[in-house]
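Two complexes come next, and they have one chain in common, chain A, joined by chain B in the first and chain C in the second.
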Partner chain A sequence: MIKITNLTKTFKLKKALNNFNLEVGQQEVVGILGPNGSGKSTLMRIAAGLIPVSKGSLTIDDLQPGSESKANVSYLSEVNAIPHGDTVIDVMEFYSLFFEDFNKEQFLLSLESLKLDKEMKTKVRKLSKGMQQKLRLALTMARNAKIYLLDEPLGGIDPLAREEILDTLIDSMNEDSTMIITTHLVSEIEHIITRVVYINEGQVLGDYECEKLRMDEGVSIEEKYKEVFKNV
Partner chain B sequence: MEFNNNQPIYLQIVNKIKEEFVNGTRLPGEKMPSVREFSKVLKVNPTTIQRVYKELELEELTYTKRGMGSFVTEDKEMFIKMKKDIADQLTMDFIEKMSHIGIDKEQLIKFVDDKLSKEEKND
Partner chain C sequence: MFKFTKYIIKREYKVFILSMLVLIVYSGLMTFNVLPENIIGKGNSVAIAVLISFAIFIFMTDRLNWYIEKGMINDSRDHFMLIPQTPGTIIGSVFIVAAIEIIVFDMVTAMLGGFDFAEFLMLFSYVFCTFTGVTMLGTYLLLIISRFVKRKINGYASLVLIILVAAPLIVRLSVNTDFRIPYLYSYGIAYISTCVFITGIGFFGLCKGNTFNHKETKYRWISLLVVVLAFTVYGVGQLYTYYNL
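The block that comes next holds the complex of A and B.
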């Protein structure tokens, strides 16, 4: 589904991604874990078609990221890009106009379980940070896309809201979901991901099937994280 | 359900379900929840639940009715076997832990005897 080959992305003199290689197949839920500045968000922005590659390639179903691939990819950016003056209804209408695969019914159901259904007429800027993030996730997951790219879905969110966000994530998953989730909150996504990729300085440090890791080495994703990054 | 993150999640769920079969929380012939329902309840990836169901079916503890989902076996022999398997495992764990602190066979039996007769008195 996603094939990344020798991908390099340079910003001025800094290499955000350095000969990065990864293949993600259907039904995989991949957690990309690494410290700040390891290249996680750059990778997601390239896959979402927001910035070009410097060298190498990234393809989604054999397509370069662009308008065609974007139709199949639902992306949650790290930075909130929703117009703050809009109400929740405005944002919903925009999504349903802009994305053919947007499922209003599912969106409204998620809002209900996130206790946001009474805020339909509220302007986005009046919502708390946690509520805005819940809204953004509900929008992203209400698309019936082939691939979901979630960049730091739990960033800056208090533990209670985090749990609600994780519940929404699981609610909107099915057996065929393909997802890439970046985070530095390792333990929170332990039961959601099927595969973990540890990255640092724009390169893959380790790549494991989660259940196999627990079976073969008897360690958790979090413990492996500590081990992998110990000598970095 | 609380998980131990150092062990495969699907195996922990399989063992929990076996316990539920044996203690009657889930009855013979009863319908199992759908993969999606179950993944929501346990808050784990649906793929994990799929694997759980595959494992249960492989061990012939459940069977699939086409288009209707997964059902608990009605074979009584299987329940007896499951109960024995779980009891075996618990006993092995117990013996191993006792041997770690240097308890030999005779002492171990005495411990169990003493505890049981004390409990009987309290009843």
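The block that comes next holds the complex of A and C.
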């Protein structure tokens, strides 16, 4: 489904991704974990078709990231890019107009469960940071996309709201879809992901099936994270 | 393209109607000589009319320019980069909406000013070419500056830059334009060919600057073709004017 081969992304002299290789299949929920500046967001932005690769390739169902692949990829960016002045209804209409797979009913249900249903006429920028993040997640997950790319979905969210967000994530996950999540909050996503990839300085340091990690090595994802990054 | 055009129209129609009302009221007052010849100090009503048209033009250009992806890091235009449309489609939609707005504005101006059809066409060509030139070159300059200062540029800076690009063009237009004299038509070709050239340079820069950052490599050839074509139009336009004046 997603095939990354010798992917290199250079920003002037700095290599954000360096000969990065990864294959992600259907129905997998992959957590990409790593410290700040390890290349997680760059990888997501390339997969979402926002920035070009410098070398190597990344394909989504044999398509290069671009306008065609965007129809199948639902991306939650790290930063809130919703235009100033747009209300919740405006953003819903925007998604409804441009994404054929957007499910309005599911979106409204998600808003209800996230206690955002009374804010439909409120300008997005006037919502709290946590509420904005919940809204953006509800929009992303309301698409029946083949692939979901969630870049730091729990960033800047308090612990109670994190639980609500994770519940929404689990409830709205399509069984046939693939999901890639990047985060610093390792323990929080432990029960969602099926596979974990540790990255640093744009390279893969470790790639494990979560179940095998727990059964064979008897360690949690967080413990493995500490072990992998101990000497880095 | 239709979807994005519809989207822009839905977002912009209220501002458009408001700007239109300002133009109609002022042009109406001008036409029926309600305003005295000297309104403010030494400035006369014609100068103020030019100023108002200029302000409306800049305002509309800035609003429409907002939809064009700038390829800047963490910019609000990322919102439009998520949708399955090519940047070419989005720019195409912006130009369609601009053309519609300019046609309506110019029709009103032509009606109130008593222009004939040829003058109306000339006016439309002037304004539309100025819009495309300012939008494309302004966007390219924004891209260069944002890369240079390594941060996104806010809306006000964008507006200032549009004014800076538009001002010389508008001044040249307002100083030399008298729609009643025959030589305008050959002078107009020089002006329009300059705008085409500026548009070509802007388009070329945006292609090179990765605003069209998808793996659609055809843009490389299109951008080269556009710049060669723009340069040819510019050269022919200038030569034509030179030999006909």
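Here, the second predicted complex is superposed on the first by the 231 of 232 C-alpha atoms of A that agree within 3 Å, B and C clash if a C-alpha of one lies under 4 Å from a C-alpha of the other, contacts with A are read in each partner's own complex, and residues count from 1 in each chain.
Definition applied: a contact is a pair of C-beta atoms (placed from the backbone, for glycine too) under 8 Å apart; a residue touches a chain by one contact, two chains touch by 3 or more.
Predicted model only: the values in this text are computed from it and were never measured.
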Label the relationship between chain B and chain C on chain A in the superposed model as either fit or clash. fit
With chain A's C-alpha centre as vertex, what's the angle to chain B and chain C, nearest 10 degrees? 160
First (chain B), second (chain C), both or neither touched by A:83: second
In the overlay, answer first, second, both or neither for which of chain B and chain C A:50 touches. second
For A:97, using the defined touch cut-off, is the partner it touches chain B, chain C, both, or neither? Pick first, second, both or neither. second
Go through the superposed model and pick first if A:21 touches only chain B, second if only chain C, both, or neither. neither
Figure out whether A:6 sits in contact with chain B (first) or chain C (second), or with both, or with neither. neither
Give one of first, second, both or neither to describe whether A:70 is in contact with chain B, with chain C, with both, or with none. second
Across all Cα pairs of chain B and chain C, what is the smallest distance in the superposition, given in whole Å? 27
Determine where on chain A the residues touched by chain B overlap those touched by chain C, and list them. none
Touching chain B in the complex, chain A uses residues 27, 29, 166-167, 170-171, 173-175, 177, 187, 190-194, 210-211, 214-215, 218-223
Touching residues of chain A toward chain C in the complex: what are they? 48-53, 64-68, 70-71, 75, 77, 79, 81-84, 94, 97-99
Parts of chain C lying in touch with chain A, wherever the complex brings them together: 3, 6-7, 74-79, 81-86, 89, 210, 213-216
Given the complex with chain A, which residues does chain B contribute to the contact? 3, 5-11, 35-36, 39-40, 43-48, 50-51
